[in-house]
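Remarks on the structure that follows.
Chain naming follows the written order as A, B and C, and within any one chain the residues start at number 1.
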Amino acid sequence: MSRWEQLLTEEIRVIDEDLWAELVELTGGTASLCYQCGVCTASCPWGLVLQVPLSVRTFMRLTQIGLHDGSESLWRCTTCAQCEPYCPRGVKITDVFRSLRNIAWNRRKVEKGLPSLLWSVYWNDNPWSQPPTQRSNWAKGLEIPVYDPERHEFLLYVGCTSSYDRRAQRIARSLVRLLKAAGVSFGYLGDGEPCCGEAVLSVGHKPYFREISQQTARLFLEKGVAHLVAISPHCYDVFKNHYPRMLAENGMLIQHYSQYLAQILEEGRLRFERPLDLTVTFQDPCYLGRHNQDYQSPRRILKAIPGVELVEMERCGVDGLCCGGGGGRMWLETAAGERFSDLRVMEAAQTGAGVLATACPFCIVCLEDSAKVMKTEKLQVMDLSEIAALAAAGE
Amino acid sequence: MVASLYGVQEERKAIWVYLEQEGGTLENVSLELLSKGREMADQMKWQLVGLLLGRGVVELAETITAHGADEVWLADHLLLDCFTIDAYARVVFQALMDGKPSVFLLPATPNSRDLAGRLAVRLRTGLNADCTDLHMNPEGELMVSEVSGFGGGVLALIEMRHHRPQMATVRPGVFSPGEADASRKGKLIRLPVDLTADMIRTRIVERALGRGVDLTRAPVLIAGGRGVEGDFKLLQELADALGGEIGATRPPVDEGHIERERQIGQTGVVCSPKVAICCGISGAFHFVVGIAKAGTVIAINTDPAAPLFDYADYCIVGDVHQIIPALIAALQQSQERSRA
Amino acid sequence: MRELRTVVCVKVVPKPEAVRVDPGTRLLDRSNARAEINPPDMNALETALALKELHSGRVDIVSMGPPYFEPYLRVGLAMGADHIYLLSDRAFAGADTLATTYTLAQGIRKIGAFDLVLCGEESSDGATGQVPPGLAEWLQVAQLTLLSEVEVDLASNTARGRRQLKGGYEILEVPLPCVVSVKTACNEPRFMDYGIKSWAFAEGRVTVWNAADLQADPECIGLAGSPTIVSELAEAPFRERRRQFLQGTPEETARQLVDLLKEKLSA
């Protein structure tokens, strides 16, 4: 084929003015700031596991022009925001991906399994297709009272993963034991706890997320929730940053449990009396660390436990490696050999630590899975609440 | 109350069983139904009739009689060679209107369910589908069907007081086939078949029927889930050593490690082996329903908190890739010892 | 080329895990159960909507049930269906498959001429799977059941589908109009289109017909039209398992298993 023939038969991509306008509206025009330096692509963790890294820069460029790539690459983003601190122009890259995904939903070109994810939230109030009537089964025997704003300091928001996933349920139980040991008065919503909708937002269905957030916010206001403590950083982030402003305007305090524990530690209400002989390295959850700039709360707790030696992995702080579970990827298959958490547990093992600690149910599930696969037998994956519960007084 | 085309007054006190055959071989489920039908007929001192449709299948009459039928009603015709709903429904309907049995049992297979559903409406009678058990109530000479609903959580007993035939479909593997008794004698009744090609609306464009995996007959079932990581060769080795079959949960099937015919559970096969060995399966309810009737359930999983352990008799917390090879080796040793 | 006219039969069911049998009254207690569209019917809806994209035309939903079905059926409108026909009358209650299929057939005839009636394989509550063939018989049309794939050819006026069975498959063709049932989980139902969702729930067209509207024979509907009666209802007995944990190395466990297997398989 001659060069002319090639040029004449090549697919011409026509810029759709409506799409461009939609993208600008959905992203608040953030992509227009991008000057295509490519630092985002360089910092993206996909470059660590793929031959050809995920070209974040290309996605920004397509968004600027008004073109759409609905291929599999669009769904790889875990929304870890590793790229955002490095972007010299402060482009909200995570939100661009969510917006591109929103358009994919409008065109009904989404990854297999994602419509079922949304249906699960719609029919079952959780993304795990589990029966709504079994949401509080994890709490059997713990006698957690139903939230009463008059009697309780805060509402414990458990979240879908800690309610239903067998491993994550242990986080919820440890936290409850710990709070009781510290004499904290709290309540929860039992089977009536609504889904926060983060799974829906992360896969980009903004209108459905808006609907969920309005319903849940209204419920919280009806129940008189003044203070909410969430187990998952994903739920915490969505309540704090993406829910209707009516929550903030009503003065509702929203915390991740590590922040609440750090607070009562400072107030002297939480004491660690049982020394543990552990070397611990901490995995910063993306949605506590990079998204909400809190790297300190979990470390304050760990440092306060006698006998705990804290060591850091090579990639730490703002460079902490994502476990790979965010951005809806807990519900999508990641091929073996492409899992960030595999690399992370190796990194943890290299520190010589006996325990890899974290404070997110997605991290726990991904890291434990990888620890089994990578056979890092000497490394135990534990949640912050589990470590703290062991050391707390009054057990 | 809408009346059935024939009622209690006109009925002949007999149990009829529709016999499914494919390519001249009786399906196992037909023998299972004959066995149960024989039991019910004996209890009531009624006749048991086997209804067989096909082409060139007269030699099956012997087997049908040997398995308990007092009479075999046979419709043998060129146009009955392959199952088509129009041809089969027409012929079975005519046979039923001729014989007017009290009870009519069919297997709950894809084709026979279609047949049962159309016939029940054509006859204006009731149909109890996917029964987990049947028995006759001598008082009132009624058939009582046990069916489950709501994913197996609720059991109902159903009767039909005024309508005939009392129809029921039963899944393969619910009943056991009896022993054949070659000395049994029975009558063969050939039915006239009134069929022409223009009566059949279905056109068979393509047909490729395989050997057909029948997990319901296996005395031992080795089921594999996610934890097996696609290594069904290992499970097949164990199945061969024990004379059993392999099955799977949905994830390995979806990933292409094993055929869908081997999927066990609510949307797959429900079976009742003597022993079910579940490897690397977490134990979601819709799977458990598939092996709930197994004699003994052995579960192997690395997760000590796997829900399947609640539904198992013997639980092993361990790696399938270590336990199964060890088991195969131990079985070989044991066989060598008993030979020596 | 004319357009494709499809009717989808949809049932609203209680979520199975929460249904109990009241030990006192021996009646079904659905009070704790939330409802949903019968999952296999979602697959039928998806099939209908995909065919509509190919052939243009309309997709109507028909359902027999009480008024509370309505908001659930509107989900179907939000997915892309055109109109809901809810067959609702106290006289329809207590119907078994014979009465149900009769009533649905009356409704479908009243909706008008159709090419295709689509059903799910079975329902999660009753799970008889008898509605599709029963409907086909009342409507006196051909049927194709348990299809994993469906195709329609309006030029030759036929429907074609693929059925998995007996370790293989068959591809069958029947003339339109016909009744088709699709295999559970044969496709992934599309999520609601939020562009039309508010419209679907506020203004989407719902027509409610009672027995008189359908000119239904009172002898053929509800309890009166049902040959089968439930004589007893119970919660399925839970078979208790031993839950005995075997200890030891893989070799030790294997030896214990061999003894166990010898014992259980010789019986």
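Definition applied: a residue touches a chain if its C-beta (ideal position, glycine included) is under 8 Å from a C-beta of that chain, and two chains touch if they have at least 3 such contacts.
Bear in mind that the values here come from a model prediction, so they are computed numbers and not experimental data.
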{"item": "Most distant chain from chain B by Cα centroid", "value": "A"}
{"item": "Highest C-beta pair count, chain pair", "value": "B-C"}
{"item": "Centroid spacing, where centroids are CA-atom means, of chain A and chain C in whole angstrom", "value": "37"}
{"item": "Computed distance of Cα centres, chain C from chain B, in Å", "value": "22"}
{"item": "Between chain B and chain A, distance of the C-alpha-averaged centres to the nearest whole Å", "value": "47"}
{"item": "For chain C, residues contacting two or more additional chains", "value": "17"}
{"item": "In the complex with chain A, residue positions of chain B that touch it", "value": "302-303, 305-307"}
{"item": "Contact set on chain A toward chain B in their complex", "value": "166-167, 372"}
{"item": "Residues on chain B engaged by chain C in the complex (per definition of touch)", "value": "1-2, 4, 22, 85-86, 109-111, 113-118, 120-122, 124-130, 144, 148-163, 201-213, 219-220, 242, 259-261, 267, 274-275, 285, 292, 295-298, 309-319, 322-323, 325-327, 329-331, 334"}
{"item": "Residue ranges of chain A touching chain C (in the complex, touch as defined)", "value": "105-106, 108, 112-113, 115-116, 118-119, 122-124, 131-134, 205, 207-208"}
{"item": "Chain C - residues contacting chain B, complex", "value": "14, 16-17, 19-21, 28, 96-98, 101, 124-134, 136-138, 142-146, 160, 163-175, 184-185, 217, 219-220, 224-237, 239, 241-246, 250-251, 253-255, 257-258, 260-262, 264-265, 267"}
